[in-house]
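Here come two complexes built around chain A, the first alongside chain B, the second alongside chain C.
== the complex of A and B ==
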């Protein structure tokens, strides 16, 4: 697998050719900001976008996904039996253009969550039917992002193709064999020459200083800070501010918790079971029979979210649960942010920062 | 293509193949073969998997039971592995939307089953020990009974079997026939108490911890298993520690909300741990290591 040159003029043709065989999605402009959506004309594709409201997770874990449908039969004694059929909606082979590196790190985590342990083929089938075309970020999307702190400034190996914008062309890396085939079969490209690769190196190394660090601790120090600060006063303060609206978890590329819901058709014999995105910020999330709620206060729920992002997910899946995309910060009406929380926690736990 | 680093997990009913796909969410349809009212609020259901397949569970594990169109919830298995042939039993309290409809099921109706899930009590490591089982309320039937019967069916493998059982009032006592049977056996030491006696009650009165005064244990060779609501754990563990047990000799079972049973939906997390995978059985020593357990 190798590096190729795709001229910017050819991009439209590439998209059009793909559209003949695939569902093509990518960042488009909407009245609320950029969003991943279906591309009908290549011009809609905004590869120079800053960030999208929702991450591309919706293509792998839809907001509502039917898991199985059933038909029931009631015999003459009134006894019910059921026929259950899993639903694997024929996932149309899909190409996602323009996935930023932070979001690719989110997908890396999803792959572990859903493919490890009990393998979730509902996820895996969607994922395997989807080509990921990554997009290198050369400038920060805005002040809310902190990808540099979280180590997500460069791409993990989940992409089929990965593009870096150069002057008049894209440098395209092929991450998988099927990605290489996708490229070579649908557009004219040239092999990158030594000079091109040198130029790419310059572009990549000059991006680093453009990104700022926002955290007072490193990513790897975060778990121990969170352990130390489990009983910090900060959680109470955040709990008082938080509206428990769940926006932060909805927009997060590493949030994957779901609820399971049944629905019955009006005929009362057929129906389906679905999973829908859920949020640990909602009161009912940890409620059990007898009315006991294991996270009754907003403080305990905000803490749980931050603990997951900075520590728990790493403990379970080996990779940090926050990719620094800044989406929760943009979505939160009361300005609860991951960098703010980590930094305030640091200040509370280390009241006299050592002077250099 | 998406590889997983460890072998994929499986259990008796999942993953399930259907038309070239495999699903971990598709329940196996089991048949209700018997329903017995136990108290005003609890009924015991005997279930049979297709072809009478053995559930193949450990004491302390649970299944996800569903009525399609209504919902799915976790229930501890009541039957011990030693008594599980073609059927197994669940004891279900009418506690809400799903369980009230479960209570209307009749023999011949079908229900969905996934599981067994979770870590049960590692009874093979209890061999040779004295076992003290202290369930409160519903927990006697599930999951305590699955462990008690496993011990009774391999009685000589274990030392003493002490059962301390507490219920709110005499009408809520479960498994009265079994209690009478254990009362008669001289290799079972049974003590029962109720919080609120009625006119006929002649036994102990008081919360479950009051029973601990009546017993002497050898702290070197005792394993305690206590199962009940969160508040009970606080007091029972105090008694057990007072008798010289260390936290790793005390086993408990933790109830959490569960939506998937397979370690994905996030509901049952206790700090970073998934109760449906690494639990619901944990030692007190393990529980002390995470803040959200108790």
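== the complex of A and C ==
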């Protein structure tokens, strides 16, 4: 849409003005790195951050979310009746700063899953009340990411505002009308001139060589490689190493599986039903009544995750299920990684011809 | 509805788990609308013997305690092990490494060793049938509440069967194992909300091992911290010595965990040896 210039000095003022009306969250420093958290003072905002343990998905699908409360009554015949009260927690209008392009691609997928087609009212409520301010990555966050391979190095159309850091200012692109209003109502900015736009073009095109490709196959070839390698030996090897700890899925911006749990109040008649993040890497995930487990072995679960990331999600939702953020690689204590897995699978399926 | 009568019993323990229940009663008095406590040494002097649910804290460490356990089992419809000592054997089972004679001499001295009865520490389930367990050293008060509710609803209490890392990640803690601190989270049953890592301490597996614990790669991670094979054995067995012994040859240890005649480590807590 339109491009504006926000000087770096004005950022604090912009944040402060927003705080009067919104919950403002963004990357802040922690003992171990960075995390998305509430900003109480503009100085806390670390827009130059590398990455976070959890992606901003936690603001759209919280780790635990109450869906409804219930009250039950038992009549004299011992029959129980329930009264159910859906809970739509008032979602405070929120502004998220500093969402990297890979994470915005994660949100694109979330929108497909929770808003387009089947409409999850809880998700839509949060999504509609949350402004996304994206942040262009000009250098790789670290060696674990592979966004260039996954085509997530440019911003998708989910942002309200998108910032690119320039020398002394940010170039701010408005993605939505409400985003433009958010900007213009809270800070004085000028429209970018022709030379600013040229400069932006240069900055954006010169960033590409800084990002390396890590995959031996393109993301379009990945689904067929995975089909071919469904019975590969590699999965057994990975299954042996895997701790079944679920960290890789919990930290993933595209994982969206949840479990539904009931909790009773102490009076034993009332309670609430919530949803909590679940993981296909855990033993119970594919366990069904009667005790049968569709994915009893860790090997089958590791394979299932990679299949979803590289093939199934694309088949169902039309976008690749991995955005190359590298979070699962950073979180995995036994070094099971998406690039490593894809590359090793490629090697197993296409062995180098023996040199004569 | 008549309230089920419950009773608390303690065997070899520090009473920390019972204290947790006492503490819970300060904030959740509503619990007393659900159950009637008829015996609880930690909190009251009256003693009723007509209980339906028995909560047992502590491990069994004497043959003579078995009789008391049988009696409880006979009276109670449901027996719940309360805390790591009762659930796993816990820290008490560390002594099982050595012969009882060796341990008794060490603790009570050559002259005192025959004065006190003792045998290898064991979880309650090694003596009587246990219907449910509330893990942890000490227990988590909210898990206690949840399990009591399940029992009252006639449901079999279910413990999480995944590793602690799940809860730790949901809280977005930095991972200690990547910050130079050993943590047994990957092999430990979740349910405490990763309380130790949340406060910066590595998990010691007081809730017992997760059903799919990957010991081999856990060792690999711990080696990465520069821990020796013996250090790793010691960490695995701190709360789970009894479980590892039960695994026999399959125990994920660098050497056998039972050394009946080995000298015990020197400690300031040992009784002075008479000369």
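Operating definition for what follows: the second predicted complex is superposed on the first by the 349 of 356 C-alpha atoms of A that agree within 3 Å, B and C clash if a C-alpha of one lies under 4 Å from a C-alpha of the other, contacts with A are read in each partner's own complex, and residues count from 1 in each chain.
Everything that follows uses one rule, which is that contacts are C-beta pairs under 8 Å (C-beta built on N, C-alpha and C of every residue); 3 or more make two chains touch, one makes a residue touch a chain.
As the structure is a prediction and not an experimental result, all values here were calculated from the model.
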Report task. Have a look at chain B and chain C on chain A after the superposition and call it: clash or fit. Result -> fit
Query raised in the report: Once the shared chain is lined up, is A:88 touching chain B (first), chain C (second), both, or neither of them?
Result: first
Report task. Scan A:294 for contacts with chain B and chain C and give back first, second, both or neither. Result -> first
Requested in this report: Could you tell me if A:116 is touching chain B, chain C, both of them or neither one (first, second, both, neither)?
Outcome: first
Requested in this report: State whether A:78 touches chain B only (first), chain C only (second), both chains, or neither.
Outcome: first
Query - Contacts of A:266 with chain B and chain C, given as first, second, both or neither - result: second
Query - Broader residue contact with chain A after superposition on the shared chain, chain B or chain C - result: B
Report task. Considering only the touch criterion stated at the top, classify A:316 as touching first (chain B), second (chain C), both, or neither. Result -> first
Query - Superposition-derived angle with apex at the Cα centre of chain A and sides reaching chain B and chain C, degrees in steps of 10 - result: 70
Query raised in the report: Is A:191 contacted by the first partner chain B, the second partner chain C, both or neither?
Result: neither
Query raised in the report: Of all C-alpha distances between chain B and chain C after superposition, which is the least, in Å?
Result: 5
Report summary line: Contacts of chain A common to chain B and chain C in the A-superposed view 263-264, 268
Report task. Can you check the complex and tell me which residues of chain B touch chain A? Result -> 1-6, 8-10, 14-16, 18-19, 21-27, 29, 66, 68-72, 93, 95-96, 106, 108-110, 112, 229-230, 255-257, 259-260, 262-267, 269-272, 274, 277, 291-292
Report summary line: As the complex stands, chain A meets chain C at residues 30-33, 35, 52-54, 58, 63-64, 240-247, 250-251, 263-264, 266-268, 276-277, 279, 282-284, 298, 330-331, 333-334
Query - Touch list for chain A against partner chain B, complex - result: 67-68, 70, 72, 75, 77-82, 84-86, 88, 111-122, 124-125, 127-128, 230, 256-264, 268, 271, 273, 275, 278, 280, 285-290, 292, 294-295, 304, 307-308, 311-313, 315-316
Query raised in the report: What residues of chain C sit close enough to touch chain A in their complex?
Result: 28, 30-31, 33-34, 145-146, 149, 152-153, 161-163, 165-166, 169-170, 172-175, 177-179, 185-187, 210-212, 214, 216-218, 220-221
